[in-house]
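Encoded as structure tokens, here's the structure I'll be asking about.
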């Protein structure tokens, strides 16, 4: 539904800045998604097998050079998109899968349960996410699933809060009251009346979260708590590359760094544009 | 409600939050693989010593008992003893804290100044190039990994240009004579040691700019939208209708009214600042709590890890109380 | 009404003034003078990535803590700088009984700790017994051999051994045997306060993970340290250390720049690089009790597949020397006995064991990511790639942080993992006994046991003639080749990078870095 | 009588994300000294926009053409600084919603101080308090409440404060933009009393924007009836009520059974306003007009002068 709307209004979108943001973001994301899906076809070498001499600067055959073990940087950047998407997707979907139903149910039931769960969620929310993720990642150890889990825990409250506050308002609206009056059961009300109404803001939160999750993962990798080598991962490659930047082997830092910046840029532009498109409340009044 | 009563209530309200974080931290860390006692004593330690140490640390008790012992210890300020250095964790944390505080404080000042000036300027010039620049700035800078940005600054200003030091808090032997607060830049001024003040500030510039600039991206965006909201409100139009100048409208009405939500969000973002501080501290060898936490993680120094996280929790709680109090002070409606 | 307009302008001017003021302040701060409180000659700043655990000799058991102790304390005997020869230090002379179990030391007179407390035979007896009582990590060095230590009078110390033990005098040169002040170091607790010094320097300030400040010990009996103050800055990562070096924050960097950084800085005329052999060795450990590594043939096959030269060249830029036995080159008893790289042989042996392309050997190689520096993951990955090059091995790489790692190897969780060894005392015994002797090998995670080797090692310990001992160690090494419980990888080098004006840098074979010889 | 403010050919457009809204088209009217002009119409017909345009308070996406002449100068072409000096001192405005028109974090006296200082920085605090007290008392608020915050006032009291602010510097024109709409009936009466008093005692013109015909009858001297951005009829109060020309005005007056009752509104006319984004050719009222003719659908009616009154309808053309 939303996508068809977008296509319809694409010309109009180009008319102002948030539309431009949205289009650039979308373009970046599509590029990265294509990169992740077709990684084996796009990458000239295996990302986990040495493909040449070590520390070759960018040249034909290795357009982004090679790292100290002779891995092709370009291939690792391409395959790294899979890791970025996987971790971001797993982390945000775990967070959403717990946060959204919890927010729906608790927000709908209300009362003491609501104030208790909200307090727990708020506590986690106000606590620095990376620090919590560091503690959990240190506990769980290496691996994609473990890292995703430790990132997911941090983002559960984000979904919970957005959903709960909306449910709290929606449930007192007329059409919900009406549905309740004619005897609709809570699950029906939640899925039929409440969920569709909270979905748009969830999508915005989701795409913002993915950007955040990618950054958090890079941070964990930088601190040595992320993905174990030789699995291609931008965060790991970046922190590894930093050991070489002072020798002017700049390509080891620039390309994975650029990949992180661009994908995060993509997601945040996309979500920013989407947000202003879905909630165009600010700006026109002045 | 008087301001005093308000502060008291606010402090009481933050107790559950701290308790919840304490609980989560405790149970998260208890599941860590790796025997902390073995890590402490080394592989060659005889079993009877290991058992004795486990007993001494209370690790042989049921976990729920350990939990309550832990809570009661924290309540009286006992954070345990580091298994790595055999020093009281609280003492170590108190020693490291001024460094973290100094870094976060100056970063916050940088982030807030950029945020307020750039954000309100952009809102004021809504839709114009300055506004577009602000939006591009906030989106771009937001996507910089903190450590990447830090390394770049180190390279440019430290290694290539030799303008600024790239690590640590001070040059050798350039430590204030008397330590009052542990914050070198302030202590140096209190002592009247201007050269030491300059040295401390030189060391502060790169790390606090790194952290400050990255965080400022969020502040610019937030200030912009809140000021925009305030600028579109009726009282701003009313003030304009009274012949008030645009500059005064921006600063006296829009910005001041946008301040409570901005402060609240800044308080929340403080958590992000602390997270960034960990990365900044490790990038710049800044001897603060973040550096401490990361080092101790590799040593599986339980009491230290636990202590550092608990300390962060207290810090966050303290800041959010502070923000609420400032809000109450700015906006009389909250107080009543 | 007009006034308002003017006021606005005035406001603009003050704002501009304020801006200029801030700008000029920033310039002052950026380019401001770096005035130092001390004359440049009076101190040297060193940088390192090492970390201090404990400065109590009874507990200190890793390179950096020991090295600091070697600069602030002394023992009965010491090495002549730059050699492996042992000479008296606090002892004037000593006698060894014929059966080799009783050592009697005559001490120098008027020895004092930095706080003025006397150092006498009682202090030595107290310190040795304290180490044994505290049962810390390195305690076994004394506890396994020392039966008793007693002060016969103020200046005479008698140490009785459980059995004749040739390397004992080397142990006395190690930090574990350094005397501590009984008034300060409690008898049954590890001391974590500021150390009381007996060496050229004393610790003035110690901030863990940040810096250590050493100043001259006024009560030191020997030659006074060349430079009054040594400041050692501690960095978290090689990158930070390298950057501090480049930006001139430190005078010298010792342990550990990354190989590529070292390679780079050797070309830099602003710095001087010193290189020397190190007694440090690295090896792959097999848990010989764990499947499939319980098969000696398989272990040998894998050791053929490891290309040490590639590791040395590509990861360490030639800054390490391939090693084919456990005893490092430069030490008597050393003999390169292990097979060299041959992928053909590796393939043949693996095929003989029944592995094929379709049914490869599936194993896991473990490493610890930060304990041996950030090159460690590269070493692990390169070995993985080399093993997989046979086409008959599928090797997974896993890591664990050091504390967990220690836990894992003592419990036998890991079948094949990377480890390193820095000697406690400079004797082949310290490279053979802990690795191969039945009672000691579990501490290394290998659980290796061989009666013939046990016998040889025991005999080598109690023999005093170096010639005879050399022959015994040759035999033990040859026996080891067949069982291949370890794949020795390489022997380290030590490197110091310093500004050219720093003098007195000595590359010592025992790798004692002597800060007290430095000057500028 | 002297003309105080004169509006000629005023058109205002808003550029929105999804098109341009033609909020006001070709408005012409003038207000003489001491005169009260009332602009009436349904909500969304452009009357508030017109009011705001007089103080150049339109949002940044609005574009106004034509002229608003005050003291011989066109407000629309004034610089920011010029208009700033007129606002509050020569022309002031009272807004519809008193709840949000006062800055919530400023005391009442600070609002006055701000106003006075904006126009004369030499005044000392004592004088400012005097001016403020005077204005407050004139609008029926005790001067004791100068130190209170806006949230300590009721809606009616806030509107009185707003009026006090508007009259404090004795401007020659006050724009009252639906000053009573958001208040309850009793308070509405009180506020109207204040306005009527002002009209009597102070020497100023009032532009009263409202959809309440009762109020119009009570205070206005002249009336401009607006429909969908156009002034459809412009006449003095007596003639308008006695003989409304435009069908819209006629319907309006018919829908009010007794003009003395102040709270009758315009919602009784069937149909709704046309979409101001794409206005078709012809008369804007034709869809609701009971007397619609063919020409109404083809051509936009011009302003027709009939007996000194102005009306925009083909009935008279």
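A, B, C and D are the chain letters, set down in written order, and residue numbers restart from 1 in every chain.
Here is the rule we use: a residue touches a chain if its C-beta (ideal position, glycine included) is under 8 Å from a C-beta of that chain, and two chains touch if they have at least 3 such contacts.
A quick note: this is a predicted structure, and the numbers were derived from the prediction, not measured.
Think of each touching pair as a link: the shortest run of links from subunit B to subunit D has 1 of them.
Closest to the protein's overall CA centre, chain by chain, comes B. Using the average of C-alpha coordinates as each chain's centre, D ends up farthest from subunit B.
For this pair, subunit A with subunit D, the centres built from the Cα atoms lie 51 Å apart.
Here the spacing of subunit B and subunit C, counted between their Cα centres, is 36 Å.
Look at where the CA atoms of subunit A average out and do the same for subunit B: the two points lie 24 Å apart.
The distance from the centre of subunit C to the centre of subunit D, with each centre set as the mean of the Cα atoms, comes to 87 Å. Contact with two or more other chains is made by residues 138, 141, 224, 242, 245-246, 285-286 of subunit A. Counting partners per residue, subunit B has 33, 126-127, 151, 159, 232, 245, 282, 294, 297-298 as the residues that reach two or more other chains.
Among all residues of subunit C, those that touch two or more other chains are 4, 239, 243, 246, 370, 400-401, 404. Touching subunit D in their complex are the following residues of subunit B: 126-127, 232-235, 237-246, 248, 252-253, 256-257, 330-333, 336. Residues of subunit C touching subunit B in their complex: 4, 8, 11, 28-38, 43, 45, 51, 53-54, 61, 135-137, 140, 190, 192, 207-211, 231, 233, 235-237, 239-240, 243-244, 246-249, 370-371, 400-404, 406-407, 409-410, 443.
Every residue of subunit B that touches subunit A in the complex is listed here, in rising order: 16-18, 20-21, 24-25, 28-29, 31-33, 126-127, 132, 135, 139-140, 142-148, 151, 155, 159, 225, 228-229, 231-232, 268, 271-272, 274-276, 278-279, 282, 293-294, 297-298, 305, 309, 312-313, 316-317, 320.
Listing the residues of subunit A that touch subunit C in their complex gives 49-50, 54-55, 68-70, 138, 141-142, 224, 228-230, 240, 242-247, 249. Listed in rising order, the residues of subunit B touching subunit C in the complex are 33-36, 38-39, 41-46, 49, 84-87, 92, 95, 151, 154, 158-159, 162-168, 171-174, 195, 198-199, 201-202, 205, 245, 247, 282, 284-285, 287, 291-292, 294-295, 297-300.
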